[in-house]
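Scrolling down, you'll hit the structures one after another.
Shared between the two complexes below is subunit A, which pairs with subunit B and subunit C, respectively.
So, the complex of A and B:
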């Protein structure tokens, strides 16, 4: 049996992979709950506005990616921040990634459990999903990056099914009124923060920057990815406004899934089951990338990056992650703790999305100045 | 060799999982073991209980039988039916829910909420209000008519899909959406079970979740024209001995600035399908007179219908939603209800009628 290298430095990926990765990472779990939080029609402008901010952020990120530090990988980071700082960042990263993986996986498991397998013990679902993630992650970062294409192709077409909600009699224009808030204090900052944190994800490309083609320009691909994500958010949000109406929307826990259940097909009765199941590809892609980053951060913490990684490292991490997820599902993913965990994730990923490109740019400027 | 080792390991792991009995699936979904039901009928029984009725088995070559239970809570009936029948009743294919009129008058919210939250039940479940005794009707008909339940579902489906505007078809999602909308009230179709017949009666108008009134005959026709599908294949007006055919309408509602007055303008297009009165359709003056008569008749009818709704404090036409504009503050629910009750209504019809003439006299 040949051992597979987890970080294969020989191949470098084109900008198009950046598009797939950034776009898919922006469409993880929060997509399903976002309309419930946004609720008011004028939050359409919120999505567009935050999308523009996200674009500005991505400009910073792509600037850094085309700098010389980025292509060096870990030594480049050490050069920028120093060994000690890197370990602090790795420790922070471990916590943030841990929360992200927990929320994303348990959120999906909850959806699957509620809509597809209500009688199944959710622990089994966690085990199955983690087994697949473990497999994808153990194939190495290069393959996980390639997997983004599959994840993209498996889930992008779903957005087309939602065109039915834009047709009468479901769609009636008054559902989108009023388009400007009557009172500015009414704007839900929590909603805007949620949009921002849902758009987070591309900052993890920093961890794989050394695998990307060093001569590539990534801004174009970031722009496409971000625009597509914002468009998808808009389509889903406007469709759910048409479908539920502003008031009723706030009462629905998973509006997107509920809408999918309303779709009809002459062949399949439950279209939603197919849609939910195909979204697993996206989840597996996201989680396996996060697990690999998690593993990398652990190795930085343990000063083991120079030594060769062991064959079992990622497997052990997956087993630990599965046990943690089962425990978290039993004790933390409950009413009051659930919202705490969601808030942590929203704040955590918002901050990483905001700070990672900013930090990198500031530090590289500083270094150059010295 | 390595593959052999791997596969042996995998086999052992699978066997352990399967043998230990912690199989992930608890529910049995084998088609021979289950009986998906198509419809459920709910009745009010004594002492605040519910009476649930269903027919099993659906779509199988087996003699049908009717199951009835008296329960306190809705889902108890699901459990009870299971224990009485040799196959497990599944609600995944539930398509029609018949609710007794008396039950609906008490308020539907607890029942509908229970059904709405069940992930097994489709949002496209048709809701129907029934007058009379459904159980008796089914008992009588089950002998002569096979697939009674399925026919009912097909009929509702047909009218929904073709949107023929003849009856109001409402599914679970639409009902819930209107129930929770601040500006409108739900409606449901009403059927009457009597002497071996199951006939469409009209439209039930709700205030929140309580049935307030059932509009029938000409009132229901007016409702179909101005509120539901804006189309009627036949609109008979016996008083004027005329039948209008293929009637299509376009409704325009405007308000004055402080919402004290509403102009309800209806553009109506159609043809005179039948006329048995004294006047001559070939004569242009006569035709204008007939049109005028129809016009004023419809105006009075519509105005009366709208005023009835004001009296009942219901808004099945979503008129409240028409007060919304993109760039102004939306009116509060309570404020709108108050305004709606005292609104001055002006109804105007604009007719475009074509007489069907084939014989020149």
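So, the complex of A and C:
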């Protein structure tokens, strides 16, 4: 009998993981605040339009993922950009990831604090959430990638509960008018930017490209992930239009959660508490991936890539992150500074989503040309 | 260093030439050791050395004494027809054979030493499994005798592809371990991993397969078993057939099956006997019961402590009325009742069958009813504790049931601090932990993570057997198809 390697089957992830990772990373915090910014029914087209642009971006990303450079991992990046540039990118990445983790985590903590535990000190919530994220991250990147399947299965079904908002008497078609804007100047570029930023996240897959099976049909799975994300955003936005109406949508800070408060079951009168809590699966998955990327970027900066990964390293990162989050929650995540942090996150995510695939492809072409 | 010296001496003993004096020295202070001398009429003298308690004494007379003493042939080997005689040369070999249940024969004329295996096959008969009872299907179960256990499996898989390899573990117990697998089906990497792990075991005593499992598990600190333990030959045969391997341990009725996944532990032999819709329904019930058993009581604590607004008014009225005279908080009330339940469960396991029935009545009626009337627990909690306890028994694997209990207590603590949010955090930790576990270095949470869609036909539901045409992908079997391709 000839022997086959089982290790390869478990460590090399198929394209299907690209679907889970991309989809779950596209549905983090902004899912809850997006309807507040979009408000107008014709922004449905905005979601579809930006979704199409996102798809074009993902085509570029999948092309790079199928390239020789992607499968090499860090040496592939060094070959493209050089070591000095890699350190610059790592430094920028640390800042961008730091802002993303801050906004995503503090945003969720705010939701939990407001809807589930109004009397609890939010610092405790940060500590508990970060402890779980730390545990998931400390299990390594391979396990974090596999956790995407669990996060997906534990959270995807929740979208089905919103079907009730599409049923009369809550749903009234006139709430969806006008579908074509009467005045083009009304189209909020901020809204479009927010959608683009919300659909960001798949660019972080470049950090785990070496773990993916290069023969995986990435474009197919990216397309599925992006389509599903766009559909989820559409379902939630249309549901919130039916529920609040265009005029009142901007008055609620978290329209999706507020809507969920009206969902009922024969056993539980308030299902929203369960739904908010279950969304932590998504958050934990996202944050653990970001923490591992953060750790990787620090290793690049500290020229420590030759040394083995250490559990202590990731745990120290988690402790620092927790302390930072508690501090940020106390001093930055306040009414006066919150929008600044949100804007930074929107711009940061939008730029990374736009530039990462573009840069990688341009440099790959350039190298091939040389 | 002193231990190195001792090792050297043992080595010398193993290679020392045999002599009656040395053997007598070894057998000194062994009350059951016998040295019998018999002389043939023509003067040839034979010495029989054996340990009385280890050999079949009835067989010894007819199979050994008579043939040897009346033999006219040149060699002892030719005289003994019922047993096999082997010539031995060293003291170490003699000692090993004696302890394995052999009779050592010394031919004083030819100065030759022989050993004849006459092991006393003590053991119980084949009985019904107590741990995995089923209504329909085979009733036989393994016993403590290794050969009997192998026979029970071979009868179900009468093919030469079923390979068995004998290994030894335990420096004192010298326990025989047999590794069985289907050549051409089981992935050879599993076999080499298992062999490597068994060969690495360095410990003195092994009396049970779970002790071997403790040394072979990839994650020894986990509460989840990474090998399935069964005493059912049909479960073993099925596992071998789909590409797993089994490890039989001498003097143990429980066999280890690996690699396993978390979901294998929810499968019962009856799943493949019932009609597939019925089997699927029962399997789903089992998963629901597992979730209920770990979350029901913590959910009660979470709702009554933190989220009473989640409950409909009618249910809230019932709860408030039920808890109105209780002196404890929901957490202490639940903790108290769960500890009492665990005490009753453990006591009923250790007591004789008839007494345990009485215990059930005392536990269920007297303690339950009295606790409510005395004001220690609410009626609602008693109902939930009962449901949770029964639900925990639906999981076919006893080791998972025990893990359930631990998870339940941790969830109880989390729910008292953080309500539903705490339970969900606990679930994430459990799922992340399960996701990181491996069994024989294979993912423990397959076919969910890593994802193998095709294997889902026999995961949460049990699909029709006619549709299960391939062996599970996550086991990487060599023969993927379960039917002849010519058909």
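Side notes on the structure shown:
Convention: the second predicted complex is superposed on the first by the 360 of 370 C-alpha atoms of A that agree within 3 Å, B and C clash if a C-alpha of one lies under 4 Å from a C-alpha of the other, contacts with A are read in each partner's own complex, and residues count from 1 in each chain.
Criterion: contacts are C-beta pairs under 8 Å (C-beta built on N, C-alpha and C of every residue); 3 or more make two chains touch, one makes a residue touch a chain.
Here the structure is a predicted model, which means the values were calculated and not measured.
The partner that reaches more residues of subunit A, of the two candidates subunit B and subunit C, is C.
Of the two partner chains, subunit C is the only one that A:273 touches; subunit B does not reach it.
With both structures placed on the common chain, the touch criterion links A:136 to subunit C but leaves subunit B unconnected. Once the two complexes are laid over each other on the shared chain, residue contacts for A:168 go to neither subunit B nor subunit C.
Of the two partner chains placed by superposition, only subunit B is touched by A:179; subunit C is not. Annotation: subunit A residues 1, 117 touch subunit B in one complex and subunit C in the other.
Contacts from subunit A toward subunit B in the complex involve residues 1, 114-115, 117-121, 124, 169, 172, 174-180, 182, 243-245, 247-248, 251, 258, 261-262, 264. Residue ranges on subunit A touching subunit C, taken from their complex, read 1, 3-7, 9-10, 13, 16-17, 112, 116-117, 125, 128-129, 132, 135-136, 139-140, 143, 146-147, 149-150, 153-154, 266-270, 273-274, 277-278, 280-281, 284.
Interface residues of subunit C facing subunit A in the complex, by the touch rule stated above, are 183-184, 187-189, 306-307, 309-313, 315, 418-425, 428-429, 431-432, 435-436, 441-443, 445, 448-451, 476, 478. By the touch rule above, subunit B contacts subunit A in their complex via residues 2, 22, 24-27, 119-120, 122-124, 163, 173, 176-177, 180-182, 318, 321-322, 324-330.
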